[in-house]
Amino acid sequence: TPDVAAYALWLGDDALVLAQQLGWWISRAPELEEDVALGNIGLDVLGHARSFLRYAGTADGRSEDDLAYWRDEPAFRCAWLFQAPNGHFGDTIARQLVASAFQLELYRRLAGSADPALAAIATKSVKEVAYHLDHATQWILRLAGGTELSRERIERSLTDVWPLVDELFRDEPVIDRLEGIAVRPSTLREPVLGRIQAILDAADLAMPQVAPSMAGGRRGMHSSRLGYLLAEMQVLARAHPGASW
Amino acid sequence: QAAQAQFDRIIDADGRIEPRDWMPAAYRKTLVRQISQHAHSEIIGMQPEANWITRAPSLKRKSILMAKVQDEAGHGLYLYSAAQTLGIGREEMTDQLIAGRARYSSIFNYPTPTWADMGAIGWLVDGAAIANQVPLCRASYGPYGRAMVRICKEESFHQRQGFEILLELSQGTEAQHRMAQDAVDRWYWPSLMMFGPPDDESPNSAQSMAWNIKRFSNDELRQRFVGMLVPQAEVLGLTLPDPNLAWNDETGAYDMSEIDWTEFHEVLAGRGPCNAQRLQHRRQAHEDGAWVREAAHAYAATQATTEQVAA
Amino acid sequence: QAAQAQFDRIIDADGRIEPRDWMPAAYRKTLVRQISQHAHSEIIGMQPEANWITRAPSLKRKSILMAKVQDEAGHGLYLYSAAQTLGIGREEMTDQLIAGRARYSSIFNYPTPTWADMGAIGWLVDGAAIANQVPLCRASYGPYGRAMVRICKEESFHQRQGFEILLELSQGTEAQHRMAQDAVDRWYWPSLMMFGPPDDESPNSAQSMAWNIKRFSNDELRQRFVGMLVPQAEVLGLTLPDPNLAWNDETGAYDMSEIDWTEFHEVLAGRGPCNAQRLQHRRQAHEDGAWVREAAHAYAATQATTEQVAA
Amino acid sequence: TPDVAAYALWLGDDALVLAQQLGWWISRAPELEEDVALGNIGLDVLGHARSFLRYAGTADGRSEDDLAYWRDEPAFRCAWLFQAPNGHFGDTIARQLVASAFQLELYRRLAGSADPALAAIATKSVKEVAYHLDHATQWILRLAGGTELSRERIERSLTDVWPLVDELFRDEPVIDRLEGIAVRPSTLREPVLGRIQAILDAADLAMPQVAPSMAGGRRGMHSSRLGYLLAEMQVLARAHPGASW
């Protein structure tokens, strides 16, 4: 149904934009092991994006590439968190911590969805996301417990990304029409924040206390970053309409 | 002397030298140079392709390209490890690279202005690399040979993907076909130069062959590579940019135009289009990441102390 | 007391207070708050528009937009200078801004997702700013009033450019027209809120009016602004998003829907879409530039010493 | 003639790409005075670009916007120097030093061109470029004579941009056909480098000793940076073919 497709777009766009950003790191990471690790995470996330987008496209016969390359910015449905810039490594890790904690709880619950396709994608993805969260956690511990500089930086990275956390837990009207199929975002607030809290506790970091952003990604109102990201991502495909690759 | 004799016996029997075995200083030095150069090539070689990750024209291609560039980081890791068994540290090699004191394959100093370059690099550059590297799987130094086995397997996968990219482009729109031909035109000669100077101008080859590090001469490998390309180019529907390329029944080999080595030497001397850019990119990543590596070390040290105290 | 009497006389005669004149502490404080808030608004206000400089759809528009955003930096400079005459330093104001302890106009916490926002900001946001600011050209504090004269002249130029952008879009393709209407829909209410809360909820206004800093009430200015927009919207062929907007012959003013202040207060409380982003952007520029400012200071100090020694 | 148009494209594209990069700085400069200064320089340079492109377009009826927004990367003719990334402020200043010294000598000579349109654009631009060079010079002096860190950085910025200097002085076949009209690039080497040398001397900096890049901008072979820059610059215009703004 269009509602299920709309929901699959949320998850697909979140993952697509995150994968696009992670891909940038390959050849630029702090050490080769991280070129490999961030590349792996990016690949996993891109795989999730493709599954969700393919499924979303079945509603009206669009392919994953139609959806990724031929929609304009207002048609995207990703939350602002995933649009947060790569920044430095700490910024990327802070974003990844929240993203992975969110996706982990979301996919775990979605694995029990009444929609078998969504359930299947979620079931397949949940193990990978658990690894991503572990990767982010290890780095949170290292950066928080490393040098004075690294601790300062990761604290600030967390504070900077924090205004975008609240949007992840906001219900939109479409969710009401997907009882038993979608995971109600507001029900994820507690488990996701609980998980993050435990990690921050282990790193002896405080949960940032900052005002949330209104954001608006689920309604197609995006942060400044997305336009640039899409311009780059779509430029080649759009220069050759109708071509296959 | 006994050690030298033992070493010679292993080499003569085409056996494997292992890290704990005695080896001549020159053998060690040659290997360190070759392996680290090879490792650097993998690392620098990530850049021309990473350039298209964010702009790959389909999600499938993006995924394949990300996996490929990431594989190259992995190859770099194996090779640095192999070099480390010879007593040189990764940091030292990295410093040499960034300071511009280490060599890497010149081919990566060319830019990748179009998507078709992803195909041409896979087909031609990885193809030439494989032709060079397959014999290295039997290199006399154990860790190097074993790393090469793993790398060659992945490389031949990459080459097939490059071929597929070109095939899709060649059979696609007119603009795509032109893009593919243009990329092949640009990468063909540089890929042939990857085999190194003609045999009569390759002074180090003889010793390397005696040590079973090198197995075939530069010209032999180049000839073999061209022999592989010709039928594949036909399948692709693309032209190799050498009007004199033709099978010669008499010599049992391909005739080809003489290679113009001027540009090769320019690039080798640091005057290629992207030499400076490649090193700047690597330096930037290395310096931007310094605080992260320092944090990781500091954290590991603290953890070790904590565990000791706890024990 | 004589000083206070002198101050009062100047105010009563609608004269100008100059930096060296005595002034009540509360007057100074009010001015510092208002001028620095205004300066910060110019500086933060660069961001929503700078967002489109690199993507402006024609070179002419790119040029106009660059000039406009750069003018805003200039306005910030005048205003910081005016505030400095009251004894506060630019660094202190900058630190307050970056630490999130200073206010700036909430309107700049909205994103600018489309090019039409460049038009809507010019027409509506600059329009509202002018309506607010023209009376400030007669503000009793001299440096502030003079800065406003200069600023208002440029702002009305900016407003006309915004109008032109919207006109071009409105009369352009269907997609462009939609883009223009969408931007007007998004910016109309926030621009009306720029005049501040209704008069009966604006506690500081009375004192500011007595001091001749403020000349008209919030609601008066808002009403005047809407009166200006209505005929212009007709020319533009765009709809103002208020179904209840209508001229009332009886009151001699426009009837309008009640403003929903909930969102305004949310944004003011730091929960707008881009509050954090705006401060992060400013902080980043400030921190990235620290080494440059330090170098400039060090160099200036050395030069001064050298000149002294030479003298 | 097409040859004159081709030459005007060189100069127009150099200026366009430089202006596009300078525009990024507005709202991001180290101090407000530099937001204004870099903005002014960017505006001047954009003005030069528009003049050259308009003139280039007269050869085949294309407008400045046709040329800026609807050519693909290989049709651009800018030298690699102008494509060098903004980097940090020192990188931008190093690029600007070379760019302005080059353009100053070039425009001075071009003011005497037998082509009256080129001569007129050059005459109008030369005074502005002299100011740009002065601005860059002041910053070279400040950064070189400021702190230890700033000196280190500007030295490296100069070294990093240096491989791209040589291309500016390379003659291409089209130049042979424009005797008296174009300025022969090779004849600019001495005066431009002389000017830069004098500035570096004043700052007690050495001329970098690094190998030149082959580059290839005049033949449409560009650095990696240009594709990204064009994707961003052209995205909106291309999303609305035929629209006017």
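Per-chain numbering from 1; labels A, B, C and D assigned in written order.
What we mean here is this: a contact is a pair of C-beta atoms (placed from the backbone, for glycine too) under 8 Å apart; a residue touches a chain by one contact, two chains touch by 3 or more.
Nothing here was measured: the structure is a model prediction, and the numbers come from that model.
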Query: Based on CA centres, what chain would you say lies at the far end from subunit C?
result: B
Query: With chain centres defined as C-alpha means, what is the inter-centre distance between subunit A and subunit B in Å?
result: 35
- prompt: Residue numbers in subunit B touching 2 or more other chains?
  reply: 55
- prompt: Hey, what residues on subunit A touch two or more of the other chains?
  reply: 227, 231-232, 235
Message: What's the contact topology between the chains, one of line, ring, star, complete, other?
response: other
- request: Check the chains against each other and report every pair that touches.
  value: A-B, A-C, A-D, B-D, C-D
Task: Please name which positions on subunit D make contact with subunit A in the complex.
output: 72, 227-228, 231-232, 235, 238-239
- line: The answer for subunit A against subunit C in the complex is residues 73-74, 160, 163, 210-216, 221-224, 227, 231
Task: Would you tell me which residues of subunit A are touching subunit B in their complex?
output: 16, 20, 23-24, 26-36, 39-40, 42-43, 46-47, 49-50, 53, 64-65, 68-69, 88-90, 141-143, 145-147, 149-150, 153, 232-233, 235-237, 240, 242-245
Query: Residues of subunit C touching subunit A in their complex?
result: 51, 55, 111-113, 266-267, 269-277, 280
Query: If you look only at subunit C, which of its residues touch subunit D in the complex?
result: 43, 46-47, 50, 53-63, 66-67, 69-70, 73-74, 76-77, 80, 115, 165, 168-169, 172-173, 175-176, 281, 284-285, 288-300, 302
